[in-house]
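Shared chain: chain A. Partners: chain B in the first complex, chain C in the second.
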Partner chain A sequence: MTRSVIEEPQSWTLVEVQKPNLTDEEIRYAVKKLQREPNEVEWAMLEAQWSEHCSYKSSKPLLKRLPSKGPRVLVGPGFDAGVIYIGDGWVVTLHIESHNHPSAIDPYGGAATGVGGVVRDILSLGTRPIALLDPLRFGSMDSLHTRWLFDNVVRGIADYGNCIGVPTVGGEVEFDTFFERNCLVDVVCVGLGRKDKLVLGEARDPGDLVYLVGGRTGRDGIRGASFASKTLAEKSDTERSAVQVPDPFTKKLVIEAILEAVDAKIIQGMKDLGGGGLTCGLSEIAAKAGTGIEIDLNRVQTREPNMQPAEIMISESQERMVLLVREENERKLVNILNKWEIGYAKIGHVTRDSLLIIRRGNEVVAKAPAKFVAEAPPVPRSAKRPEYLDALAEVPEPAMPEDLAQTLIELLSSPNIASKEWIYRQYDHEVGIRTIVKPGQADSAILRLPNKRSLALTTGGNSKQCYVDSYWGTVGVVSEAFCNLVAVGAEPVAAVDHLQFGNPGNPEVYWTFKEAIRAIANYLNAVGVPCVGGKVSFYNEDSMNRRAIKPSPVIAAIGLVESKTPKVLQALSREGDDLIVVGNTSDEMGGSEYYEHIHKLVGGRVPRVNLKKEKTLLRALLRTLRRGDVESLHDISKGGLAVALAEMSVQGHKGVTVDIDTVPNKTSRMDNLLFSESRSRFFLETKPKNSASIVNSFKRLGIPSAKVGTVTDNGIEFLSKRQVIITIPLDEASRAWSEAIPRAMEATP
Partner chain B sequence: MVKVAVVQFPGSNCDLDALEILQKTVKVPTDLVWHKDLKEDQYDAYVLPGGFSYGDYLRAGAIAATSPSLETIREATVAGKPVLGICNGFQILVEAGILLGAVLRNAGLRFVCKWTRLRVESTRTPFTNLAKKGQTLRIPIAHNEGRYYLDNDQLAELERNKQIVLRYVNETNIPTKDSNPNGSLDNIAGICNKEGNVMGLMPHPERASLPILSLNNQPDGRLIFDSMIRSFENTVEGENR
Partner chain C sequence: MSPASFTVEVVVENKSLARDPEGETIHHNLILKGGYSQVTNVRAGKLLRMNVEASSPGEAEQLVRKLCDDLRIYNPAAHVCQVRVVS
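This part shows the complex of A and B:
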């Protein structure tokens, strides 16, 4: 068969000869270190690898402040994923990634390849991806553009995750005008594997062969890392070639083939190819071990002819992995890859000389120390407290709503609070037969593990509060995640963070970034849980008005549930049971849904967390849950205690009557008491005979707690001074909460 | 001793789930068999698992249906052995012409993952012989293309031959539009061949076979697999006599 080859004119080359997209200092540093002017290929490689996306050059020193050690931590930050030991020879891996810029341009492909990327990270450690969670941030639901992004991001995640057979078991969504043209699409992946079969991204042994496995290398995703490391300009629609093309079927084959090879113990080292492509993968895997790698580009299978060396080196084509294998195991590896019918090429070998040598045939097209390529010079950034914070701190109190019942209905139908069933119906959340607690049932999902334990997973984020106060907002985000874990009876064991901000060159943006890291470090130190990895995404700005997104630190956390801990969901279970509140409610309305959605008021005092008491509180709640006296439980977060109670009520098809005056509080107004988002609070349902002992067990520790009401067969009812202040029939609350998102999305043309 | 095969295609993703349930819960000897390795009909029953064989490219199940392993399955079918197609496995059996009809894109044009109620319409298959006619089973679905369809004449034929095995129903055990998650004709969730030994269904019984994963702790999906074991016992008894 003859094949026609399309001769492409040189001007089609996407990587043009031009001044590299690096700072003058970086250019000088490169010339000085190499003792010569890098050539065109080397500049392209440095530009990709030294992008913010790959190098963390603005964030690395600060990230070191996060606690990362613990008895269960086998692998911490710096690798593709964190590794936690969960007993009996089993490990869990955890990582978070985002695909913000690609999703803003091509929501379907961007979100899908975002899933693909984080799944590869989990796979590179030799572990099977077993769950995904998706924290998402979009503009206002009223906007057609937002609905288009939202619809396609959800479809992209669904089509990819469903096809590769990894259940999407959780996530969270926030709508805010600051994300109108720069949506945030984060994906958390959790993996499961054997401790003795872990593979690291290190090229330890010179002589090992380098295999490039999976999809072919094409021109998609060229300069993706650089694209992600600048702000979305208006011309970004023309940068669609920077977005990779998803192929979940190939990914599924890659997963199974690699896990078969891992099982056969023939993989010496492994690295996924994501941002920065081969440049990033090869330089990092060699730099980690102090070795070098030599490859021949002629051996790389390309998707199209005439690809230039620079293009091959920085292409971010999806579904590709770099595998290191001993020569004697080469045959075994090839047999496995052939069985699964996936592409592969032996492209080179590990060397002793610490150099990254890229050849095309006999011609050396790039040559530089691997460590030099892998590690960009850090960029010092200055920080300055934003002036807008003063204005946000001093906002006038809003008028008291005339009809508090109506206010509660409006809150329940706010897209930030309303049921997310429309989203998770589209995700296969059952595949893998591990999902014990399913999306929407409780504050965290729970997965069955092969040993007697089970695994709780959750995410937390709250850009509205982080904007008004990035320190306390971020503390609250971490607290939310940990409260979610404990609410299902899990002991928190590890977290990963994803820090999403605007341009780090803006001192005000950088200040909020520093505050967020300080907050995460302080919280994790207070509760004694390590951060085992994470991700930083800068340059998230609105393309039209150049406004940075609201600071968006997102936390994913996992916890272990012991076998005897009963399964407790958030739906109310039995009429006649008592309702207990734990935690104190204060006038902390800053960034609350009540202020922002009802009063269109941005600002105020953001909820704080008593870091001295947090660990005691989490422990006490865990003890209570393990005793088995709790019938249902929900943490109190967005929308405050009125919303939390309504959610429990609607889900359990049971009514509640609550005497609001009995709730422990330091609030000055009824609306604040009902809708404040004060942290570390919970509602518990228990049989009346257990009420007193549960309340006392918290009070003894100095944690406010009280019996505040009962479960009924009626509607949702709040009393104050023996007067009914809110009464809502269950079906009305249910409609408001359940129908808001589907109704908005059905209207999408 | 009986032995079951779970047939693995490229892109199958419920293969390990079905294998685990058969081996550890139902406790029947079961092999995971790569489709290319299934050259002879040497098993007592076959399970075609869910997933996205060949990425659902072309049409769900269309490419896998051309795998030579389907010829082996066809032989087993003719020999009267139990063959179960779950979700993508159902789509493959339909594409291979072993079961009647077609499985189209969901009416809502979206992937749907949810727990459904199923009414057992026929207990004559080796996968429902432990059920009572009219019994409700709670088993989840997860698919993009689950809308069962065929023309009126063929539907009448299915009815006449008692080939409709499962229907989606509401809380009062009645097939309604609201309880139909994908727009399937006549709320059909599962069918069998004329002889009754081959069954295809969109819901995933393997996901409802452990109490801890099931609604109200009721592992209704196990009934499908336990029925298969029961059918082996009957066959063995019959042979002995």
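This part shows the complex of A and C:
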């Protein structure tokens, strides 16, 4: 019998780009503040907490420009999740996270633990996670590596979400070669709870006991966020690189145990442990309230023998939470934890002196002000407009395709446009029985709330447009999310952003980051909706060629649907109905699927949004929907109006005939008119008797609108000057759209 | 030399320092609760048994090892993979 162990090929590990050791300035700052040289444990803690991941040291001043206040906002940025009041004593919590680097190395476990992380954020406010959405970005589907990542990421999300009983109700996917190595795996989680039972991540009361609850602390994940210290290098790199293993069943128990304790009102403060581990959790929870915390590491339950203090303090082992509890409620907490068979340890207590004191037995191994640890000195970054933008702005117009029907078919089968059923059928999107509108049925998902209202959720992202023009591309991303909300009859109430970029030390990357924040701030101010939280992820670079990813701001937004609003989906419903277009179409082809997928052309003018008119448009559409005259509705986005119409047609098994010349537009070419991705446009289906009044209601407000066609029992047909310019049988369009992704995934290496 | 048939086993487990929730669950909820306290640890994994035509045990092992790499039967960042010719 022979036997061998397969060695780990070197090429598989990502280049360690996410681990800046402390800079000279930070080292000087630390020594000056402490008035002594920090010891080994303290350095390790500072390295972890002052990493970009935990400290937002490059982004904090800019993030303050985002509007974050509003009548419904109970908790804004700076906590584990934003909290929105939805009436009748109920609150909704919202947060977005990513797990990009872990997913690039171990797509299954990385994506699953990403879900676990954001679920803990929602839980730590004392709210029950009720829905997940997953915006994903991968390389080209032609690549085996991409398909391997894609397949495993989707499975990781599905398995974890399904096991903890939280439905995955939406998301979006973008394929682009810039994400070949560094895929982006974002997770949005929404929670539901009672206003009077909210828990904050603040250690307000000295004397409260600190409990570490959930999984044991191990060496896994130590390399995860920031640590590259040679002082810990007794183990070899391959040993220490043990990835984090998802454990959804433990998570499910943690969720139930904590919610029971929340319900009993015995938790004074709570914080999930993610990046930065105990260091981050303890320093932030104390710093927020101006208190201190003292713990004894000997009480921490470790999974491996001989763990060093520094390792325990920065371990990012999954499924752990820090709870603060009054001494008189200790027994109740322990009973609940025992009932659910959750591991726990009383590791210390909250103090008055605002110091973070880490002991091992009687020996103090680290001691520093909590605020000093929690708040890294901001890093000034310089910004410079990238030179490549000039070249992207002036691309030659492509040749007009000879067969526009063929072009439309090719667009429908582009993975960026094609049906995502292959993904969401792996997700349990109905567990919890709150889901009213499911993935694929409309532009947003809708969940039932306990107070007769319902909640619409959506995400938006468009790296292709953000690459060509980071300001207008980002404005478009936010607009897309808000249009998705009103398209299901929801009034937008809050958003969170996730800003994913390359190395912030690169002035060109930082410039695109600044532009994205300016864009989000301008848009949100224009429509009067707050940003209640978010996340920044830098150092997303392709390890093979050291190229930054395309700028990838992603927005998740929620809206409230009033009880009397009719449910409107995107599938066409009745032959003989009229089709109405709302919004203007211009020559805005930059970053469009038509340019990039059909012509392999990157560049051009990116769609802009009229920020003065956007709120009026969203309101007007909402009014129209609430009146009940709309039979189906779809926002026009990727692939332009031809694709939007084909999607409505295929999903409703109905044909359409559209006179393209009647579409309000300022385009110079037929292909631009059909495939431009101009923002803030919608297709509405209505009964013929309502057409004129709907069109006029928009026109009165200065919003272009027109009746452009009818629903038929034939195929998809576009006319111009009485000539048929596109005609496609329904089943052909349907096949192109629904089979593209499954077929690509069946391809063998 | 004419090819013979070999039985090759592939065992995929989480890396030794990584957790193994499945093994932990079997250990804790089944074995320990069932009274077998002599068992101190359980690791779960995946076993693939393949019948392979090759001219030697070494060739069979090489072939299977290559296919495990090429087809990503395991993820080297997360797993250890043993290949053994058993007959």
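The working rule: the second predicted complex is superposed on the first by the 710 of 749 C-alpha atoms of A that agree within 3 Å, B and C clash if a C-alpha of one lies under 4 Å from a C-alpha of the other, contacts with A are read in each partner's own complex, and residues count from 1 in each chain.
Keep in mind that, in the parts below, a contact is a pair of C-beta atoms (placed from the backbone, for glycine too) under 8 Å apart; a residue touches a chain by one contact, two chains touch by 3 or more.
In this text the structure is predicted, and so the values were computed from the model without any measurement.
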item: Touching partner for A:G460 - first (chain B), second (chain C), both, neither; value: neither
item: Chain B versus chain C as contact partner of A:G218, first or second or both or neither; value: second
item: Which superposed partner A:P607 touches (first chain B, second chain C, both, neither); value: neither
item: Partner chain in contact with A:F249 - chain B first, chain C second, else both or neither; value: both
item: Which superposed partner A:R425 touches (first chain B, second chain C, both, neither); value: first
item: Common interface positions of chain A, toward chain B and toward chain C; value: 247, 249-250
item: Residues on chain C engaged by chain A in the complex (per definition of touch); value: 14-21, 25, 57-58, 61, 65, 68-72, 74-78, 80-86
item: Complex contact set, residues of chain A against chain B; value: 155, 158-159, 162-165, 247-250, 252-253, 339-341, 424-436, 448, 567
item: List of chain B residues in touch with chain A within their complex; value: 10-11, 13-14, 16-17, 20-21, 34, 50-52, 54-57, 110-114, 140, 142, 144, 204, 206-207, 209-210, 212-213
item: Contact footprint of chain C on chain A as seen in their complex; value: 1-9, 12-13, 105-109, 148, 152, 215, 218-220, 239-247, 249-250, 303-304, 749
